[in-house]
Structures are given as structure tokens and as C-alpha cells.
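The next part holds the structures, each set out as C-alpha cells.
You will see two complexes here that share chain A, one where it goes with chain B and one where it goes with chain C.
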Partner chain A sequence: MAQIELRNVQKFFGAVQVIKDMNLTIEDGEFVVMLGQSGCGKTTTLRAIAGLETVTSGEILIDGKEVQNEKAADRDIAFVFQSFSLYPHMTVYENIAFPLRAVGMSNSERDKAVKEVAEILRIPNLLKRRPSALSGGDMQRVAIGRALVRRPKALLMDEPIGALDAKLREEMRAEIKRLHISRGSTSVYVTHDQIEAMSLADRIVIMHDGVLQQIGAPEEVYLKPANLFVAQFVGSPVMNVADVSVSGNGGDVSVVVGKADAGFAFPQSTLGNAKAGHELSLGIRPEAVLLSHDKSDGAIEVKSTNIEPLGSHDIVDVQIGSEVLRARTESGFVSGEGQTVWVNLDPTQAHFFDRASGLSLRGHE
Partner chain B sequence: MAAVRTPREIFLNRVAIAAVMVVLLIMLVPIYWIGSTAFKPRNLATTIPPTVFFQPEVSPFVKLMTKRSQLRKPVEQEVYDAAPWWEKMVLDGGEKVVRTGKGKIRPSGYGQRFTNSLIVSIISTFLAVSMGTLTAYGFSRFKVKGEDDWLFFILSTRMLPPVVVAIPMYLMYRVVGLNDSHLGLIILYTAFNLSFSVWIMKGFIDEIPREYEEAALVDGYTRIQAFFKIVLPEAMTGIAATAVFCFITAWNEYAFALIMTNRRAQTAPPYIPSQVGSGLPDWTVIAAGTFLFLLPVAIFTFLLRNHLLRGMSFGAIRK
Partner chain C sequence: MSDLTIRNLFIIPTIAFLIIFNIFPLLYSLGYSFTDFRASTNAPANFVGLQNYHYLLTDPFIWRNFTITAKYVIVSVTGQVIVGFGMAMLLNRDIPLKGLITTLLLLPMMLSMAVVGLFWKLLYDPSFGIINYGLGLGKFEWLADPDVALYAVALTDIWMWSPFVMLLSLAGLSAVPKHLYEAAEIDRAGSFYTFFRITLPLVAPIVMIAIIFRTMEAFKTFDLAYILSSQPTAELIAIRLYKMAFLEWQTGMSSAFAYIVLVMVVAITNIYVKYLNKVKER
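Let's look at the complex of A and B:
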């Protein structure tokens, strides 16, 4: 088991910069998930840690030792590819035993290790098969088995379950979690599925265009997004982001959404040290946009523009000035489009971002 | 899962099978012709119409392997009785086997030419395929400056017809002493097959996902180990196909062999037709030589048939 550290890592492919000044420390035994859209550099980062890709500059440390110039074979790290890449000309048994052959283990020890891993992954009955005769889930188990069998310092997984269907994904997610808990190996897991990230991670690393956006526990990136990108990337349905202007001073301030006629009253504390007149973006999740049929204190009268019934709840769009906010309501709460409702915002769940930099004002606290 | 077929489909299917049978028969006639002639007595070889039913005998092969001379007068009875069974067949045909002063049988050149063919073809095939595979691997996996130009250059060595380079090659070989040598032919055939081998193998290796090797690399293997343990087994189909083609090319090569060799290193292709011209042509001997000459390629291809037939789509990689 090991700690992994990236210091000022940069990676160029020709003139294209794919990793931009990445700093990241992954603690011993931690399960870190890298989350980001397609093409943001997740795979490249993972491959750089494994030694399959050289970095242009910066250092990669494993247990405090610089390894960026070491060969992949010398880093003692295991990698699970999205494609599984099981060797087709070998049986499942031989596939799992393959990494052990590199280290010259005795036959009996090797046999024991392979059987043990097969047991943990519940595939002892498949050992004699060829990979081509396996289902997707079993291929994935074998790939993980091959990675775990030699007890590497760290386990890197690149979208290991991305190719499976939804039900199997859920099952395998639980299995990976179980394995991590029982083995406690330092793990880095790449995905673009935030539910996967939320359910597996001790900490989530969110990347965008090769830049690390935020590192934090799942609830932290959900509740305290560091910037507009994270705010809109994490959570479903997507967080509302609206242009707002702030007026008033001391005590409560008035937050005007979309140049509407009236504003919402917010305690100054939620805005950090933003001054009145500041051009800000408000981020608020649909569950914090509160609708009611009755006029109440501080609420604004609006019209619903669209209703999306989702079974357990509805998503209702309301027009406030030039902006549309989406609210989460009980199903059937608003019966139709064009209905008049009163809307209020929950100040404790509101996020304010600097419109120019996109950074959360909370970061400046 | 057998799909239900309409009578029309069944009928068309039968027509297709019949057509294939006809084509197959037409293709097999020359092979049958050679094969049957190789086992005919000499007087039946050139009859018109051709003799189909006859008592097969191996005298053409005996004659193929020995030096013989025409009998002026019938052989004496005790000599005939003392001769081994195979020599009797030659004597029956009005010829006698030439012996040295010490009574040793003088072999014809065929055995040696055949061995030469084997040596040259096997070694040059091995060299062309192994060098071609390594080169193709390099081109496939690493960034090579001017890769496309290199590959085109390699292919372009194949564009000149052999006869164009044969004379200059002959002159050069004579200067360096490579003419009429096994090494000379091996170099020539290796060079000739290499471009083909590089191109075919590049296609096959490109198809092998890099992740296979990368998985081996992270699992503690060096690149060369990964090449031998992962890439080679995966590329076996391609290697088998390339080897068969290279072997056939080297085995059948005629023009260079004719010009570059005359005795010591001569291969079978220029030798066999040269026997037509010596004295009365004995077609059964020619047929026997050709028949034996057909076998190695047939056997080689047969041994590798599983590799050749196996598709590339047996992998367990998800794309």
C-alpha cells in the first residue's frame, strides 16, 4: 500500500496540453475517484501514474520516492483497463497468474495466490475458460483479479465498468467497494459517471480540460462546489445558475435574479465579502428552490413555464425576470403550465460565484 | 440456430454447391495429371487419348533419383536376377543405373536440388518473417520519423520486376563470391520477401490492442518480454499466413535461381525443366520431380491451416 503524490505535473501531446499543473496527494489506503467529462485528461493522468505515459514536467511520487522516470514495470502498480484487455490466448487462470510469473514465484505459491483471488472474486469455476467465453461482468472480475493478485502498491482503474450494462454496473460497483474495504488498497478510479463517483469515493477529484477543479469528499463537492463548473457538473438534476445582482447593505441584502422587479432577502453572511452591486452568479439546486401556492414572506410571484413529471417528484420551471429556475416539488404540486406560484430560495443552500472567474465566494471566506 | 429456408433458397444453395464442385474439379485436373503421370510406366505417359486406368509403379521416382544410361543390348539374365527390385524396373524400361567404379550408385542431381530448395526456402522464410515481424512491431508501436515514407520505401523494393535487377545482381554477386551459394540465394529471397512480410505483419500487429502489452508492462514485464509473451502469440495467425506466402514465393522462385546458381546451390525449379532437354524427354520422371516438389508447400500449408483459418476476431477486448 502506498501514498501517491503528483507535483506540478504537466503533459503535452505535441502542442496540446492535456494535464495542466496538476497537484494531488492520494493517501495510503484511500479510494480516490477522478471525475470529469470525456477528453478532460483522466486517462492520461492515470497512465502517467502507472508509467504508461511520460510526463512533460513535474514529479510523481510513490511513497515519497520520485518515479516519473521509472519504467511501469518498476512502479509496482496495477492497472485495470476499460477494455479489460485479458489475453485471449490464455485461460482465466493463466491470465491471473501472468503478473506472478514476472516475479518468479514458486508454482505452489502462485497457484495458491491465484485460487485465493479467484475465491474473493467468486470466479473459481471460470478458471479454465478462455476470456472470449466470459460475460462482461466476469471479464471485469478477471481483470480486477489479475490486478490484485500480486498485491500491488496501488490499484488504478480506468472506467472499469463503463462497458457494462446499467444493472451489472450497479452490482460491480458494490463489489469494487467491498473489495476495497476488504483489501484496503490505495485505489484511483476514473469515471465520468457521477453516481459511481459519489458511491465509491473517499474523495473525488474533479477535472475539466486538464485542470483539477476540486478535491473533496463526495458530500463536500456536492454541498460546497468550489466553482461554477463543479456546481453544474455534480448533482442531478443540474444546479440552477442564474445571473444576479446584489443590493442593500448591512443585515439582509436583496438578491435580484435575472433583473426581476423584486429580490430575495439573503443574510449578508451567505455572500461572504461580496459588495453590493457586484455581478454574481447564483447557484441553487432544484431542491432549494421552494414553491408554494400561498403568498409568504419574501416570496416572489412567478409563473410556471414547464413541468417535467419524474414519478417520485416533478421538476417545475419558473420564470424569474429573464432567468428560468428549476424547482423540485412533490409530484402534481403544480398542475399545469402558466400557473401562478410563489417562489422562495433557501439561503443556506445558495451558492454565489464570481461571474468573471467562476470561483465560489465561499472560497474567499 | 438454423434459419428456416425456402425451397428457392435450398435450390440456389444446391446450384452454388454444384458450381463450386465444377470449379474445384477443373482446378484439380492439372494436379491429378501430374500425380498420375508420376506413377505411370513411360510408354503410357504420352498416349492419346490419355490412359486413365493403369498399374501404378514407382519407377519414375527411381529414375528421378538416379543417373541412368540407355541399354545397347538386353541385360544378361544373372545380372538381372542379382539386381534389387527397384533396379529391375529401370532395366525393364531399357535403361541401366550408372555406377561408379566401386559399384556405388550415382545419384541424379534431384535430391541435392531438393535439399537446396528446402534449405534456402526455410531459412529465408524464417529470416524474412522474424525480421519483418520485428520491423512491423517497431512501426506499429513507436513513433518513427517519416514512417509513411519508410513504409513506402520498403514496399517499393518490391516494385521492380526481378528480371530487371537479375543481371546487375548477378554481376555484384560474382564480385563478392555469392553466386551459386546458399547464402546468396537466402539473402536474395529474404530481401525479396521482407517488404511483403513487413507490410502484412504491420497490418496484423496494428490490430492487436496496445493495452495487451501495456497490461504486461505494468505487471512487471519488460517490453521485449511483453513482445514475446503477448504480441507473438496474438500475431500467430498473421505470422502463419506470412510464413506460408514467403515460403511459397521462395520455393517457387525461378528467375534468380536460374541466373544465380548452376550446380552447388541450385534449387529444384530451374533443375526440373532442365531435364526435359537431356536426351529423350521422359515425362514420367519430370512428373515425379514435380510431384515431389508440390509436397512441401502442401504439407506446410496443411500444418498451419488452423492458424490460417482462425479469424482475428477471437479476442476478449471491448472496443
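Let's look at the complex of A and C:
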């Protein structure tokens, strides 16, 4: 097990910079998920840690030792590929045993290690099969088995369950978590699926365009997004972002969404560093957009424009001025489009961002 | 035109061609192989039963031709696989002018066998050939030395057909997914271990196909050997067969001979195909 540290890592492919000045410390035994859209540099970062990709500048340290110039084989790190990369001409047993054979481990030790890993992954019945005879989930178990069998310093996973169908993904997600808890290995996991990230990670690293956006525990990035990108990337359904203007000073301020006729009253304290007159964006999750059928204090009368029934709840779009906000309601709360409802916003769950820089204006505690 | 008509338009000429030029002669010569027919005379063919086969299979001279051919096939195909696979390994990386180099390397196999034979005869020439000049071998008789002639022919065949093995091997090598090599690197496999445990097993089926083709071709080599050397030690079965059929005019006997060769080639190919299927199962 090991601590992994990136210091000022930069990576260029030709003229394109895919990793921009990355600094990150992954603690021993930690499960870190790198989250971002495709092409954001997360996979490149992971491959750089593994040694499958060189870095243009900066240092990569494993247990305090610089490894950026070492070959992948010398870093003692295991990697689970998105495509599983099982050796097609070998049986499951031979696949898992491969890393041990490659370094010349004795037959008996090897056999013991392979069977032990197979037991942990619940695949002892598959050992004699070839990869082509396995289901996607089992292939992934074998790939993880091959990575775990030699007890590497760290386990890197590149969208390991991205190729599986939704139900299997959920199962494997739980399995990966279980494995991490039981083995405690330092793990770095790359995904573009924020639900996967939220459910697996000790800490999430969010990347965009090669730049690290925020590092934090799942609830931290969910509740306190550092900028508009994180705010909209984490959470489903996506957080509403609307142009707002703020007026008034002291006591309650009035937050006007989309140049509507009326504003919402927010306590000054919820504004953070935002000031009246700023060009602001309001970020508010659908669950904090509160709809009611009756007029209440501070609520604004609006019309619903679209309803998405999702079984456990509905997503209702309402038009406020020039903006559309999505609200999460109980199923069937709003019966149809064009219905008049009263909307209010929960100030404690509101996020204000500088419209130009996208940065959160919440005072960072 | 209906789909069926179009289909028939394509299929009927092919079937007719096959029947007239392949199947009919095949059956006709099978009939001849049981007779004492000679195409050079007007004498009618007499049915002699299995006499031709019996004679050929017990003739020690014919077996000498088979031994020579076996030696030739083994040396020539082995050489082609080693050289061809080696070239493929060298080309299977990012090198400048890769396309041009590959094309140039393919040139020998695009030439006619007879032309290659005539040129190599000049190259091997004892008094002014460039091979003796380059190797400083004086007046070494490549094609007239009974111990060397066969191998000289095999060498020419290797030169000509290694590119074929290279082409197929290259296709096989580039079809091995890059991520398997990355996985092997992560698994701490050295380059030799990776080659023997990953590359070779994955390329084996396609190299096997190259070997099948080259063995069949080498088995029936005629023109190259006929032009290059008249040494009895380099008399391949195809040459023996040619002499029997068209110099000695033993049409019935040579038909039987051709059938024996056919059965042998089919048998050898079958062994390969069995192995190929075994390899492909995984």
C-alpha cells in the first residue's frame, strides 16, 4: 500500500495540453475517484501514474520516491483497463496467474495466490474458462483479480465498469466498494459517471479541460461546489443555473431570477461574498426549488412548462422570467403543463457564482 | 432482373468454368491413372488396374524425388517463416517511410517465377555471378554442385516468398491489441516473456495460414527449380512428374503419380488445418 503524490504535473500531446499543472496527494489506503467528461485528462493522469504515459514535466511520487522516469513494470502498480485487456488465449486461471509467472513466483505459491483471489472475487468455478466464454461482469472480476493477485502498492482503475449494462454496473460498484473495504488498497478510479464517483469515493477529484476543479469528499463537492462546472457536473438531475440580480442591503435581499417581475427574499447571510449589483448566477438543485399549490409568503406565481415523471418523483419545469427552473416534486404533484403553481427557493441550499469566472462566492470555510 | 437472376448470372459461369477446367480433367486423369495410355501414340488405353500405383509406390527413384522435395519444403518454408516473421517484427513499429519499405519488400513475390529463376541463375553464375563475387567464393558452383543445388533453389524461394509470410505476419502482429502489451507491462512481464506468451500465441493462427500456403506451393514447385538447376539431387517431384508426362509420355503412369502427390498434399494440409483449428478455438 502506498501514498501517491503528483507535483506540478503537465502533459502535452503535441501542442495540446491535456494535464495542466496538476497537484494531488492520494493518501495510503484512500479510494480516490477522478471524475470528469471524456477528454478532460483524467485517464491520461491515471495512465501517467501507472507509467503507461510519460509526463511532460512535474513529478510523480509513490511513497515519497520519484517514479516519473521509471517504467510501468518498476512502479509495482496494478491497472484495470476499461476494455479489461484479458489475455484472450489464456484461461481465467492463467490470466490471474500471469503477473506472478512473469516475475517467476514458484508454482505452489502462485496456485495459492490465484485460488485465494478467485475466492474473494467469487469466481473459483470460472478458472478453467477462457475470457471469450465469460460475461462482462465476470471478465471484469477476472481483470480485478489479475490486478489484486500480486498485492500491488496501488490499484488504478480506468472506467472498469463503463462497458457493463446499468444493472450489472450497480452490482459491480457495490463489489468494488466491498473489495476496497476488505483489502484497504490505495485505489484511484476514473469515471465520467458522477453516481459511481459519489458512491465509491473517499474523495472525488473533479477535472475539466485538464484542470483540477475541486477535490473533496462526495458530500462536500455536492453541497459546496467550488464553481459552476462542479455544480452542474455533480448531482442528478443537474443543478439549475440561472442568471439573477440581487438588490437591497441588510436584513433580507431580493433575488430576481431571469428579470422576473418579483424576487425571492434571501437572508443576507446566504449570499456569501456576493454583493448586490454583481453579475451573478444562482445555482440551485431541483430539490431546493419548492412548489406548492397555495400562495405562501415570498412565493412567486409561475406556470409549469414540462413534466418528466420518473416514478419515485417528478421533475417539473417552471418558467420564471426568462429562466426555466427544474423542480423535484412528489409524483403527480403537478397534473399537467400550463398549470399555475407557486414557487419558492430554499435559501440554505442556494449557491451563488460569479458569472464571469464561474467561481463560487460562498465564503470557503 | 430479379435477385435470383442476378445471382445465377454470377454463379453459372463460375460453375461451368469449374466443371470444364477443373472437375472434368480431374476425373478424366483419375480414369487415365488406371490405364497404360500414352498421349504420344494412337494406341488405345488399356485398363491396367492399380498397376501404375503399385509400380510408383515401390519405385525407389520416385521415393528419392519425394525425399528431395521434403527437404526442399522444410528448408524453404522454415527459412521463409524465420525471415518473413523477422521482417514483420521489424516493420511492426513506427518507422519513417514504412509504407514505401513494405511495398519494396513485397516486390520479389510479385515477379514471375521464371523471371526470378533466370535472374538468380545469373546471380549464382560461377564465373561472373555477383554472389560469388560478393562472398569471395571464387568459382563456387552453386547450381552444379550436387550437395548445394537444392539449397540454392530453396534460398531463391526464400528470397522470393519471405515477403508473403511477412505480409501475413504483419497483419497478425498489428491485430494484437495494444492494450494487451500495456497489460503485460503492468503485469511486469519482460520483453521475451511478452513475446513468447502474448505475441507469438496470438499471431500463430495467421502465421499458420501462411505456412499452409507456402507448404502447398513449395510442394509443387516446378518452374524455379527447373530453370535453376538440372542436378538430379534437385529434382523435385513436380519436375519428375513433368518429365514422366511430357518427355517420356507415360500419360497413364504420370496421372497416377499426380494423384499420389495430390493425396499427400491434402494429407499434409489437413494436419496443418487441424492444428489451426485447435489454435483458433481459444
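One rule holds in what follows: the second predicted complex is superposed on the first by the 362 of 365 C-alpha atoms of A that agree within 3 Å, B and C clash if a C-alpha of one lies under 4 Å from a C-alpha of the other, contacts with A are read in each partner's own complex, and residues count from 1 in each chain.
The rule we apply is simple: a residue touches a chain if its C-beta (ideal position, glycine included) is under 8 Å from a C-beta of that chain, and two chains touch if they have at least 3 such contacts.
The shown structure was predicted, so the numbers you read here are calculated from the model rather than taken from an experiment.
Partners chain B and chain C clash in the overlay (superposition on chain A). When the two structures are aligned on the shared chain, A:Met139 is found in touch with chain B, with no touch to chain C. Look at A:His89: by the touch rule set out above, it reaches both chain B and chain C.
By the document's definition of touching, both partners, chain B and chain C, reach A:Phe98.
By the document's definition of touching, of the two partners only chain B reaches A:Ala163; chain C does not. In the overlay built on the shared chain, the residue A:Trp342 is in contact with neither chain B nor chain C.
Chain A has more of its residues touched by B than by the other of chain B and chain C.
Of the two partner chains placed around the shared chain by superposition, chain B and chain C are both touched by A:Ala72.
Listed for chain B are the stretches 3-11, 57-65 or 93-101, of which 57-65 clashes with chain C, judged after superposition on chain A.
The intersection of chain A residues touching chain B with those touching chain C, taken from the two complexes, comprises 50-52, 71-73, 76-79, 81, 83, 85-89, 98-99, 102-103, 130, 132, 146, 150.
Every residue of chain C that touches chain A in the complex is listed here, in rising order: 177, 179-180, 182-190, 193, 197-198, 201-202, 282. Of all residues in chain A, those touching chain C in their complex are 50-52, 71-73, 76-79, 81, 83, 85-89, 98-99, 102-103, 130, 132, 146, 150. Against chain B, in their complex, chain A makes its touches with residues 50-52, 71-73, 75-79, 81-89, 98-99, 102-103, 130-132, 134, 136, 139, 146, 150, 163. Put simply, chain B touches chain A in their complex at residues 209, 211-212, 214-222, 225, 229-230, 233-234, 236, 314-319.
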